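Labels run A, B, C, D and E following the written order; every chain starts at residue 1.
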Amino acid sequence: MTDTAQTPAKTLDAQRFNELRLQGISRAYGAHTALHPLDLTVRGGEFIALLGPSGCGKTTALNSIAGLLPLTAGSIELDGRRIDTLPPEKRGFGMVFQNYALFPHLSVRRNIAFGLRMRKVSKAETERRVSAVLDLVRLNEHAHKLPGQLSGGQQQRVAIARAIVLEPPLVLMDEPLSNLDAALRLDMRAEIRRIHQEFGLTTLYVTHDQEEALSLADRLVVLNAGRVAQVGTPSELYESPRSAYVAAFMGYRNILSLRAESVDAGAATVVGDGVKFAGTVSAAVTAGASVQVAVRPEDLKIAAGEADAAFEAVAEVVEYHGREFQVDALTRAGSRVHLRTPERVAPGDRLSLTVDPRRALVFAAENAEAGGAAEDPGEAG
Amino acid sequence: MTDTAQTPAKTLDAQRFNELRLQGISRAYGAHTALHPLDLTVRGGEFIALLGPSGCGKTTALNSIAGLLPLTAGSIELDGRRIDTLPPEKRGFGMVFQNYALFPHLSVRRNIAFGLRMRKVSKAETERRVSAVLDLVRLNEHAHKLPGQLSGGQQQRVAIARAIVLEPPLVLMDEPLSNLDAALRLDMRAEIRRIHQEFGLTTLYVTHDQEEALSLADRLVVLNAGRVAQVGTPSELYESPRSAYVAAFMGYRNILSLRAESVDAGAATVVGDGVKFAGTVSAAVTAGASVQVAVRPEDLKIAAGEADAAFEAVAEVVEYHGREFQVDALTRAGSRVHLRTPERVAPGDRLSLTVDPRRALVFAAENAEAGGAAEDPGEAG
Amino acid sequence: SAPSSSVSSSSPAASLAATPSSPVTLNILDVAGNLALTKPAIQAFAAANPHIVSNITYTTGTAPDVPAKLKAEQAGGNVQTSLVLTGTDALASGITDGLYVNLKTYYDQFFPGLMSNYQTAAASMATLAQDQGIEIVWYPSGPLIEYNPAKVATPPATTDALLAWAQANPGKYQYARPRNSGPGRTWLMGLPYLLGDSDPADPTNGWSKTWAYLTELNKYIDQYPSGTTATMKNLAAGTADLIASTTGWYINPRALGTVPKSMAVAKFQNMTWVTDAQFGVIPKGVSNDTLIAGLALLAYILTPSAQAVTYDKGYFYPGPAVKGVTISQAPASSQEVISTYGEPEFDTWMTQYPMKNSLPATAQVTAFDLWDKHIGSTK
Amino acid sequence: MAAIAQAAGARRERRALRMRPGSWLVWALVVFFLVNVLGVIGSVVLDSVGKTWFSGWTPTGYTTSNYSQAWDEFDLGQVMTVTFQITLLVVGLSLLIGVPASYALARRDFPGKRAVMLLFVLPILVPPIAYGIPLATMLYKVHLAGSFTGVVAANLVPSVPFVVYTMTPFIEQIDPRLEQAARMCGAPTRSVLGRIIAPLLLPGMLAAGILVLVRTFGMFELTFLTAGPTSQTLVVSLFSAATSAGIRTAQNIDAMAVIYTGSMLVLLVIALRFVNPTQLVARSRD
Amino acid sequence: MSAATVTVADAPKAALRHRLAERGVDRTLLLLLPGVIAMAALFCYPFIYGLGLSFQPAKGGVFGAYSAFFGDSFSEGTIWTTLGLAIPASLINVGLSVPISYRMRGDFRGKRLLLTLLVVPITLGTVLTAEGILEYFGPVGWFNLTLQKLGLVGAGHPITLVNDYWGVLFSLIISGFPFAFLLTHSYLSGIHPALEKAAATLGAGWWQRFRFVTFPLLLPGLLTTFCLTFVLAFSVFPSAIMVGDPDGRTHVISIEAYEQALQNFNYPQGCADAMIMTAAMLLVIGLVMGVRRFFYTGSTGGKG
């Protein structure tokens, strides 16, 4: 939370709270439970990302907290005060919607002032606070424009400004970047980060993009079909995912179904059809059990000689990515593996691959349901 | 073009040609010239990507070649035979449209068979060829479905199948992946690559995504406002872009406007407000001239000591990307630079940066128009 | 259940005050084109008697609509129509269905000497109303024929001559469907007299010559337009050269410019006029105040000065039903129209030839049905 | 260069030739239709300012007296007043009834929605005469026939569904998240409706209102069946004038028809400022 | 712990509201009430009332009115007369709309003007159209004059187009064509232009493109258009009286119903006629919509 020299003088400060406690909140649509009981305690000033593939219940969770959806069960407490029975307009949270949901008939200034007007804040005070927020989001010159006249990035800043001008204890954001193109997304991410840092907002951020989540959040909550798969800091999740599902989400594109030959104090030897190498065990895995081994593309290396190869694969598709090649290869067992290498590889080349045991994570094989999602989280995204 | 063991038996083969020669083709809409005379010779079997930001004339070029738009000038010859006077249905090229343009009322099979029916190919032959292509794109089980019942990726494969079942000499693809989400885009890219490799198709591929272009194409044509900016192989463009515009497209996110202090046989020293470092000159740059210097984020390093630093900057936004940090920093002159570093950096930290002279490309400053586009190609995309 | 056609209101009072308790709105329904003749008089009445009428509205319609409309109003107990201006058609159907107030009781109070004031022929027409309506205008009608002198040098003067002319000029003689056309029905009702049929009052049994003649004539007729206006337009346009007409239809369309002034009119030798009249009737169920106002209005229309206005532009030439109203009393504009577009011989012909009433409405309907069946349905 | 230009020229020629027969036929059809429509309108307009017109291409002279005569003869002042009163009332009421209904239909999926939709589509499908007759019968029974109220009520039957069908897509276009966003800003239901939904729906309501105006203005059957002496609209008077007994100059009727059409055209031009021509007949989707 | 108790206490009430809201039932539905009541009172009730009335004729028992209708060849014929007008009129309107809107697919200068010109007839109103037809197509109207000038008909022998079947047909075309055209046009512009381009690159000539791509995609829309124009034409009333031959060749079913109810004061018969009219119309629409089900009716990938 260090202010840099360029930051405008801080004029706003969110109403801080100590903790927001979600206790077993859940939500069902008819027979389908979209969100299984979720427990989470958010500390004031934290930036929390809710991460998961499409349909896993992220929006449901967010809307339930906002009060836009009634809860099926559970309670929400803000510093000990029960708030889940209040309608959204009484909870006083801010929300940034996926497509911003700016009021198209109101100017930027009036969009931002809307909430203050609803709260019957005096004219002068409104004026002052809106101007301060406009400064903060650097939209002073655009204050008189209608949202339709702004670019996507500017609109997004208006949406954020509208949410934070009320100095809400909590800001909820539902995939605010998913409508933007890649370059703008990067810029906006930086902007959100900056505003959060300057303003000390408590933020609950929904996304299905792990990179976004990793780069923004203090803590991540990974959801899998309405259930929490793992909660932790970005590096915890990135380095030590607790399941193949989370690993797949964290950039371990190769998930191999193998068998644990031997397990020994955090290290395991895994084998399969023509495959044999060592890996690291994080959770309980017993020797002889089916396992899933997660390896990042950049951790699969082309071996110098055949001797130390973990397994062999035939390059099928080779893509040039500048300085390195992205190779899709087929193992003898017919699984597809992805690797990155600076070496020039041609389709059809036979490759001997190795992997650093510390970089190969071994998990007990998940049940079919979760396993399906784990194979390629992107497909569901 | 090596077949791997897993490939289905090749049953189709594109009608090969030796060369397709585009001579000065251009196209104007009223007074606005969307495509300036373009010369390009495509060799049989080649995969060529047309790359450029939105509105630079990519679709115009493609549609002109397909015959969907009449040319304003120029000619197209296929192995010496003039074809630009033929209507699209007589040229016999295949085309994959951006939104696929599948016939919504016809089943997958009948969509694919459409072209053969138009050519009055016999029933049995049609049947055989369609089945072969269905195999190739792995849509056998979905043959009876309507396009509306397919996922985006499957639809795209139908579109490709429909284009290639005619065994066209040339397949034109207009941003076929731009409607897909990120994960699916990766898969489909691999699929296109695979089909191209197996089938030996000559392909002209339009995209605004440099990564896609780099990873797929044998040669790239970068367009800038209707004019060719550079033609070359992916590594040529990636390593030696000929202008700041192309460099910006090829991942050189930092484009600094400086002055060449001295120029000496491909090497130059560039200076600016508190900045001084050496770079590589590719085109003619004279000492004292304004220059643009392009550096990739990964080539900006944090210097060990202040001594060898090229310049200093203050970290403004720091994002965690797993194993490395993405930092946006402000130089003393107020320019924003992007860098990647494995070191932990906090916002507000003062950083000393260096850059390897071979990795800093120095270009003569472009005129305002092109320069505007070069500053951030993504913004336009 | 179906709305019953019985009149819900009690029968009108036996005696009435001279003026309504408060001024009333009179809703006048005209299904005979009568307003063209009487509207100025009605306006004058309203202007002169604000204590009787506060407002007058006019609605136009067709005769067949009248009975159902009144029945519906009466069944709903909400009679809005105060006064109907009608020809013999809706008069008769309304009488049959018992829709109109019997006015005989009020004759002495509002219409002293009513019958004796009428012209002779008009008085005879007035009896058709059976005291349920007041005759307000009258004319001898026809049958006459109107022709284009440029095409027809000498108009046929007998029915045989007409037949021969039609034969020689197929499609050039026209008369409109009698059900919808005054001249058409006058022509139909006049024929039995011209042909010497056994009983001109009995279309079913007494019109054998008429039906035979019309059947023969039918061979040389292309079409029976649905209204007189169409025949007039055809005459003007030259698609017809000879059409059935009446005194009013000869003068008025020429005065209005629908038909060129150059058209001429002719009569048959030894013709018999079939006279026609229009009536004012008051539906049962109106309030006493409305009844009073209606009666006062009708009485006003029968005053000589009001009657003189009915010369109008010749639509119902002459028009006045009461005795002693001459053209010289009519407004100057009327006089001018009549002198410009009128036929001076009309007055002679009117004194020269006998006059008979139109058939009673029921007999007319029979005649129309027969005509439709024998003649109209063949086209 | 010259060769290229020549080739381009040749190509253009070839294309033009290829388009020829079909295009010509189609444009000929369009022109034929428009010429005939123009003829139909033109005859009436010309006749309405003509003195007499027995035959030939044009009237024998021109005058404006037909208009003043028509105005007096048909009591147009009163008729126009009534017409506008009825039309405006129908527009107001049908918006008042239709807009909330279309909001509910656009926003909610509920059991029986199809039945409600059917209820709103039938009055548009069933010929007005077919329900107008029973409706008139019923109105007589409840003493509303012929009254101003009766005419307005009858005209609501097709207008309300029409508003519902015109408005639904307009409402669907408003992102429900705007309402949620307003709530998140602390707006109670009243403010959400008043400050967010209503202003955004204004163009839609204008469009629907004008369309209902145009349709009610021209609605013949229902008004004809239910109107009384004081509640006749212009179309009905026009019809009566043209069909009822007596001699009327065609010129006067034509003058009246021109007044009618003129009013309609003014309404249409206003309407077209707000909606696409295609929206006059179809549910708007863009 | 106190929180838990509150949850339990609130549960049943909240759950019911929740369950209803889940199915879309909440206070918003009250907004439907005025509309539904108005339609029920002004449309359903009269309609059912009329239906009931139609079974209570003065004579002939419950089905007396219906048997009277079908027993009298003149009144029964009105169905065929009406269909004889409505079907050709709708076919012509839809048939003409297709090539014209196909031509006008793209964007060109003056398109909005042309569209507006084509819309104008909708606003003419039946009466002006009727007057205009009487004059324009009349024996001495411009149409006949032109035909004479062109030598297509002899002088003095104009063709009869008004007060006849043709006049009504013309009026149905003048008022119905713009309607059909605009509908067809909006359906057609809903078909994504890329589909035709795709077909072209697959070797389909213009006719094949139309035949195999555009037409099949347009067909459901055309059938809907046919239904809507048919509804308009089937309920033809004032023009059948004014430019037609209301006692003969254009004695359509609405005239019959009108005369029975409002001239003969036979409400049961009039209502029966109205019911028969509705039934006949729904029958035709049902048939067409039944046929429509056989065609692809999903998205056509377009904007419209």
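In the analysis below, a contact is a pair of C-beta atoms (placed from the backbone, for glycine too) under 8 Å apart; a residue touches a chain by one contact, two chains touch by 3 or more.
Only a predicted model underlies this, so the values are computations on that prediction, with no experimental measurement involved.
Colleague: Which chains sit in contact with both members of the pair chain C and chain D?
Modeller: Touches both chain C and chain D: E.
Colleague: Weigh D-E against C-E on C-beta contact pairs and write down the one with more.
Modeller: D-E
Colleague: For chain D and chain E, what's the span in angstrom between their mean Cα positions?
Modeller: About 15 Å separates the centre of chain D from that of chain E.
Colleague: For chain C versus chain E, what separation do you get between their C-alpha means, in angstrom?
Modeller: For chain C versus chain E, the centre distance works out to 41 Å.
Colleague: Calculate how many whole Å lie between the centre of chain A and the centre of chain E, each centre taken as the average of the chain's C-alpha atoms.
Modeller: The computed centroid separation for chain A versus chain E comes out at 54 Å.
Colleague: Quick check: what residues of chain C touch more than one other chain, meaning two or more?
Modeller: If we look for residues of chain C contacting two or more partner chains, we find 3, 72, 233, 237-238.
Colleague: Could you list the positions in chain D whose residues touch two or more of the other chains?
Modeller: If we look for residues of chain D contacting two or more partner chains, we find 54-55, 137, 243, 250.
Colleague: If we count contacts the way the header does, which residues on chain D are in touch with chain A in the complex?
Modeller: Result: residues 175, 177-178, 180-188, 191, 195-196, 199-200 of chain D touch chain A.
Colleague: Quick one: which bits of chain C touch chain E in the complex? Just the residue numbers, please.
Modeller: Against chain E, the touching part of chain C is residues 1-3, 5, 64-65, 67-69, 71-72, 177, 179, 222-223, 225-226, 230, 233-234, 237-239, 372, 376-377, 379.
Colleague: Going by the contact rule set out above, which residues of chain A touch chain B in the complex?
Modeller: 2-6, 181-184, 186, 189-190, 193-194, 197, 209, 211, 214-216, 234-235, 238, 250-251, 314, 316-323, 326, 328, 330, 334, 346-348, 376-379, 381
Colleague: Show which residues of chain E lie in contact with chain C when the two form their complex.
Modeller: Its residues touching chain C are 53, 56, 58, 138-140, 156, 158, 160, 163, 245-248, 259, 261-265, 267-268.
Colleague: Of all residues in chain D, which touch chain C in the complex?
Modeller: 51-52, 54-55, 75, 78, 137, 140-141, 143, 145-146, 228-230, 232, 240-241, 243-251
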